[in-house]
């Protein structure tokens, strides 16, 4: 069971163009493309006639032609041309169409009832399109349920162990932790003052910074799997504006209940004009995620052998307050098929609220 | 559920020799070989003792020896020698044997009750062994139920889209269509007059034929999946004897409910002595089937996710009259486990009946 | 269903060290390692917190640290350190620990109730650690239920067919067979007098021995899958001490119901100082097992399509008395979850008992 009445990221904006793109979102086959005027469109990918995948067909202007018998579908999902036999178009000859919002360089699809779709409920990832930041991103497929990735990201204490050679550091373990809920948004905040500079941040500090720093890792989660990390390091006792600062986009979209698309993005407030940063981040994400998180998440998924988390009765630690809270919010939403009620603070509001030595006060 | 009381093609004649050949027909493991006198034989491939596959064993004269403990079986499937212990042969020590007809360069097995086997019911594929034709053939394994391949072949309008660069052409879309039933045989006939010559036929017309032609595509289907295509092109308004003409053998044998053996053959009435034709056809079939049909059929099968065609409630078009008719005949035969009652017109009869501008009158 | 109250071999001694080794025994995930004092330890491999596999973590002294959030477990399976949050350790934070015996260069785990574990019930494989023998061994994974491997090994008549080019020979078919039961131990003995020397034994006889020999193949089976082969060849009519003589270790541990670890070992009483023997045996086992038995066992398993041996109603031969007897003993033990009651004769006792022209009298 997936949460239907919510937005899901199906692709990065730059993945969708004049070539048909196939995705599976919540077990539904979707074909994405842009119309000639540039508008992005998402329709069902399974032809209602013989179930051929439409993405193997052709884009004719704004119309998708099935690869098999040439039925043509428009952006509403309706069949608009049948080249065969008497040419009649049966009423049932249609595929789903999905309400689509293109925002912050991401393609968001509404997988629930049309009448509930509300563009204002798309969480704020404006950093990705903000010219004061340099952004780079990509997408991984992970053979694990998306809830395992939420657990992973909402509780960043794992960095100290799984990523000990990259972003992990002892200061994280001793950090001050705060969990805040606002509507269905969960904030999991770590404030780690007075510790050595983690290796991953050295480049932003000249490469050989030996003094202690203050570090913050603030994660915002919105249902079902939209996460934004506000992470940075500043010289000991100094305002965060004097430090290096990154927004991490971590958006988890269920392909099916065993597979997850992980859309990652990095937006940095320094070296904004340095194109070499992009490859450096791609390499860093490759090292941390592809080589460390992904193998662990997939091994974890295998260890669970198709059983649910609840059936396996996991031992809970006090540090699981973030994962537990997100799981509860999500489970309740799925049970009632309700809509998320995100806090919808702007990044600026969050940023300002957090300048006071990293104490986030998310409710303004 | 498969149709049992019918003939299935298990192999081309030239695939069966003095080496044991393994096939799975309707989910039953079969081992094929030739006796020293050249007679082809098919017996069950699973040793009744420890279930080792016999085809990994040896052929000793006309006898198959199990690779594991050396039990020997003859062409009747009976165990004739036990080299172990007291050497006694238990009554139950036998594998099935299959009634086998070798006809038209194909090996046909009867998968039902022996008493119903009737060699005269083998459909006519005499073109494959006719010296007035040059024939070439092969076999593919496709990860899709054989009914999807029947749909594909009985309704050739898909050629215009899936094979637009090879055999497809606009004349097919505007063709005159005729569905004829005779017993359990279904004829799906397309007569496509006055169109440009499809590329695939250019070699038979000198390579640069610019005038319009008449084209015919007549498909004969017999249950469960025995199809013969009579396809050709003739100069506009001329008798078909003045044109180029090919019989296409399209025989679909279920390996299991998810996999199909596709035995394809081509028999042409021109360039009968030109051995280079064979490789040209192999290449053409590779391009059209391996690169176009097969990926689509397998994608279609995946899109169906193990559900039946009926459960998915496909939208029907008027051009689906052929697929629908074949599915109904086949389904009724399977439900009653009856025997097909094929029309059994000879190819000559069909050919003569069809010379009148391509109007087939299959009932003489 | 597996037999729980018994010892299983999880690894060779030399596979377990200061790197965490993963095994799955009877469908249970196990991590093996040595403490700093060299003691081998086996604990559950699935962290109770988030189900990460512990073997991807670290060995810190005698403690295993989970790769994910750093929980630490000691050899009793108890969590001894939680680096996260308030640091409290929930009572349920533990993994199983397994009673372990290291004996005869093998690591034996008790997979049942602790109170029943009895080290004295570990069968005698002392040849592996006996300096009068030269021993070499390894482990294969086979995609077949372990019962198929027991069948294979307890009835060595298959050698004549499956291994006809290596160890097989006609003398085996004509051998004198004896089945002896003692407690839950089954002895399946073949005495094959007066036959040509099998090729595999030629090196031990100078390479070109043309006279006839006496051969013995005595297999001892203990539940669930602990087998020892006493096999040798001696000049016709001479005491076995004048011949060449090998113990074959064949221990079958179920990974799950479809997969088996096969621990093979060879202990020879000749050329004890010749290190080249090891590679020669590895090559011979590769040829006989990897190239002959394994493909057949896996094909056999596929042919059974997930059905049980009983459901398939195998035909039984008089030579199946060994397989049938072992299956019955094992099935009864599993049904009652009883403990094996092995004969526990020492190898010396067996050896002495067997010197009289190869007639084993296993009950002293």
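Here the chain labels run A, B and C in written order, and each chain numbers its own residues starting at 1.
Assume contacts are C-beta pairs under 8 Å (C-beta built on N, C-alpha and C of every residue); 3 or more make two chains touch, one makes a residue touch a chain.
Bear in mind that the values here come from a model prediction, so they are computed numbers and not experimental data.
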Same or different residue numbers at the subunit B/subunit C copy interface, by half rule: different
Copies subunit A and subunit C - rotation angle from C-alpha fit, nearest 5 degrees: 120
Where subunit B and subunit C are represented by their mean Cα positions, the distance between them in whole Å: 49
Two or more partner chains touched - positions in subunit A: none
Contact set on subunit C toward subunit B in their complex: 151, 155, 157-158, 160-162, 173, 177, 295-296, 299-300, 303-304, 312-321
Touch list for subunit B against partner subunit C, complex: 29, 45-46, 48-53, 56-57, 65-70, 82-86, 88, 90, 92-93
